[in-house]
Amino acid sequence: MADKIRVVCWNEFRHEKSSEEIKAIYPNGMHAVIAEHLSKQSGISATLACLDDPEHGLTEKRLAETDVLIWWGHMAHGEVKDEIVDRVQDRVLNGMGLICLHSAHFSKIFRRMMGTECNLLWREVNEKARYWVVAPNHPIAAGLGPYFELPHEEMYGEYFDIPQPDELVLIAWFAGGEVFRSGCCYQRGHGKVFYFQPGHETYPNYKDANVLKVITNAVRWAAPTVGMGKRDFGHRPQPLEKL
Amino acid sequence: MADKIRVVCWNEFRHEKSSEEIKAIYPNGMHAVIAEHLSKQSGISATLACLDDPEHGLTEKRLAETDVLIWWGHMAHGEVKDEIVDRVQDRVLNGMGLICLHSAHFSKIFRRMMGTECNLLWREVNEKARYWVVAPNHPIAAGLGPYFELPHEEMYGEYFDIPQPDELVLIAWFAGGEVFRSGCCYQRGHGKVFYFQPGHETYPNYKDANVLKVITNAVRWAAPTVGMGKRDFGHRPQPLEKL
Amino acid sequence: MADKIRVVCWNEFRHEKSSEEIKAIYPNGMHAVIAEHLSKQSGISATLACLDDPEHGLTEKRLAETDVLIWWGHMAHGEVKDEIVDRVQDRVLNGMGLICLHSAHFSKIFRRMMGTECNLLWREVNEKARYWVVAPNHPIAAGLGPYFELPHEEMYGEYFDIPQPDELVLIAWFAGGEVFRSGCCYQRGHGKVFYFQPGHETYPNYKDANVLKVITNAVRWAAPTVGMGKRDFGHRPQPLEKL
Amino acid sequence: MADKIRVVCWNEFRHEKSSEEIKAIYPNGMHAVIAEHLSKQSGISATLACLDDPEHGLTEKRLAETDVLIWWGHMAHGEVKDEIVDRVQDRVLNGMGLICLHSAHFSKIFRRMMGTECNLLWREVNEKARYWVVAPNHPIAAGLGPYFELPHEEMYGEYFDIPQPDELVLIAWFAGGEVFRSGCCYQRGHGKVFYFQPGHETYPNYKDANVLKVITNAVRWAAPTVGMGKRDFGHRPQPLEKL
């Protein structure tokens, strides 16, 4: 167990290079804004990785030293190599936390962890979103009020094709008439997975205090338990003991 | 097992007598509208009971012959006798279905089955409500589209202080900015419990085709399994068998 | 919706050919015994498929006409083609039921639906197993007593690396000192998945009346709801309606 | 938030006075052994309360200063005053943790929180029990191996008439042939509830290192989140905001 929770903020990091509008909001990428915030929190250190890094920045060695992986992807899900997805999944099952943001609902890794298509409704018209807390006692909701708002967010709507969450923390309301399960917790093997809806690339929502609070809380929640390390269960044949 | 699912539609039945406005909508009570619809469905027969009946219309004998109890109450929750609540709870735990509608969230029987306060936000301003299906494969959602609307409904909002539902079927969107877990399934003992949000007394929402479809589906879902009858589990001391 | 629930019993079907001991128990394969039983039940028709059939017997056309797929595999999980696994997963997400038996815990399709490794403990010493009903009101437990026994079964033990079941129906007790979550229900997309532990190839346990009762109940539970068919949700952009 | 987690160990405390055998094991009561262990842990302080104390030792003031309440009762459940049960329930719903041990499955407070009868099978023949971890990543399982054993414990068996746990952490195996969901987590309002099976009065099982580890872990898990305090949700009428 390291002194600090070691977070890797992974970003496809293409929109920020190809669009002047998006570059203006996130000149160093969305992941840099999140990592900068996290590194200011006590007990957390965050670094960056992106699609175009060698091995997408996720070597065996680096993943072995990662407690929580945050994932943002959108237009290039298909470019993520299957062997890296296998590697990330294996790490999650062995205890690494995984936080999938916004359009990562369609990432290979999230779909892999869920077993479903993870399809949803969507609409992009700069509408207001409100995120209601439906599990006020959950650590991911710590410090939030009954709800928080984003003035502009892409609408994501139900039916969201995911397994029923182990714990549902947030439900979003959208001005246009939709709702969305926006903060969803899962246990998978020894790892924890959190899906969080906000974060369309054309809005500065990763600079929002409440969004950052949720991500920070989720990092603490998803970090592996002290001393967990590699799983030591399973596979071993058991003698029939004298009982 | 009777030939038909025997439903008792229970209503406090006070609003419809004291308010001309409400009487105009439901001259014989909300429960009469629901029961009339149910009795037209194949395999269902429905009768009426209300607060001011002797024993609230829920004698031991009648409950023993009831497969599913539908409950609507609001202003007079406190007048429901505890011994009748005990009796209904015992029947639910032995297999009778229970469907709690709208303001029955605060009924003694619903709070008894939940163990929580069942508090919520509310506002009455004739706003639009949309009910989104989040479990499209669930029998209670059979025949519904992705959502259905009510032009006017009382807003019920989160945080709704209930145990996390075993299955969440519907989430409501309200025009004023709230969301609500509006179709919630629970197993309690051998019985099933369904909470369904629509049904404020000043709107004709129990005449809405989708609302009636949900209630009908819920009746079929909540009806006890063939041959279940009185539970035969529990309490018996077991010899230590030779294994 | 066909008149009957159309079941395909899929079997790796290698043990029964390579081992005289196993052939003596299941001369036509385990799947044939299960299919024969199912086809005698009202409203169910069952056919056979196996690994060595072209396309493993699971063509697009055949899967399109299958309501519930039962899967048994063990020594040759790796020979199942990924494209067939993709095809089966797609059908499950669109409503087909999937029942995974015994060593199918390690099949590609089960691991795909779960997102986890699905590892477990095991021991093969002809020990007694008892299956306790922990959800007596569940349709898969219909007709069972508090428990049923198998005089000899391979031990499968915890920790079973699966997502927490949506509904846990059976827990097994093994004479050698282990327990196992042996009847596990999941919703995945529009489909239902059931894992059922018994069925080691060297015991005649698919001829056991209680095992067959559970499988039959599971077929009825997992069959798609009337009129569900291809999912019609998702992906469509939504105009911002006037609300 | 106090510096330490303030635990009250509540005990019926009758067996230890009326039986020489039990007094020899727990001269100051089972609760004293648990409290002594807890008070040695960093960040926890524990005190005692029992049935025969005024107000059962659970005054408004004392409960207001309690973070986690541990409950053991058996022969005198009926003597616990309903007003005290109301008071404890209210505190749990407002964030106090509740840990119910062994025969407290039939306590008024546990049944109140569950909404069910909480019935089970039982047998007292000094048999061996093994507790298997089925959620190895759960904080309550921290530091445990794949299982732990007690050489003698009262058998509690399924069907245990409880709502399906939000999280199931432990399943017990009993030498006589039964299984039992022995470590069950629930959220109720703002509070957490944990049921833990071991602890028959005639065995020294509250001196067992693993049993004490589970109880200690459960205390940390059930303690209210920093700054939660009195719930501030619910009941307030909301204006229809301009959206």
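For the reader, a short list of remarks on this structure follows.
Order of writing sets the chain letters: A, B, C and D. Residues in each chain are counted from 1.
To be clear about the criterion, a residue touches a chain if its C-beta (ideal position, glycine included) is under 8 Å from a C-beta of that chain, and two chains touch if they have at least 3 such contacts.
Computed from a predicted structure; not experimentally measured.
In this assembly, the chain whose C-alpha centre lies farthest from chain A is B. Counting C-beta pairs in contact, the pair that comes out ahead of the other among A-B and B-D is B-D.
Mean C-alpha positions place chain B and chain D at a centre distance of 32 Å. Centre-to-centre spacing of chain A and chain B amounts to 37 Å, using the average Cα coordinate of each chain. In chain A, 121, 135-136, 146, 157, 159, 164, 166-167, 175, 177-178, 187, 189, 233, 243 are the positions where the chain touches two or more neighbouring chains simultaneously. Note for the complex: chain C touches chain A at residues 89, 93, 112-117, 119-123, 125, 127, 155, 157, 159, 161, 163-164, 166, 175-178, 186-189, 233-241, 243. Those residues of chain B that touch chain A in the complex are listed here as 121, 130, 132-136, 146-147, 157-160, 164, 167-168, 171-174, 177-179, 181. In the complex of the two chains, the chain B residues touching chain C come out as 95, 128, 135-137, 139, 142-143, 146, 166-167, 175, 187, 189-192, 224-228, 231-233, 243.
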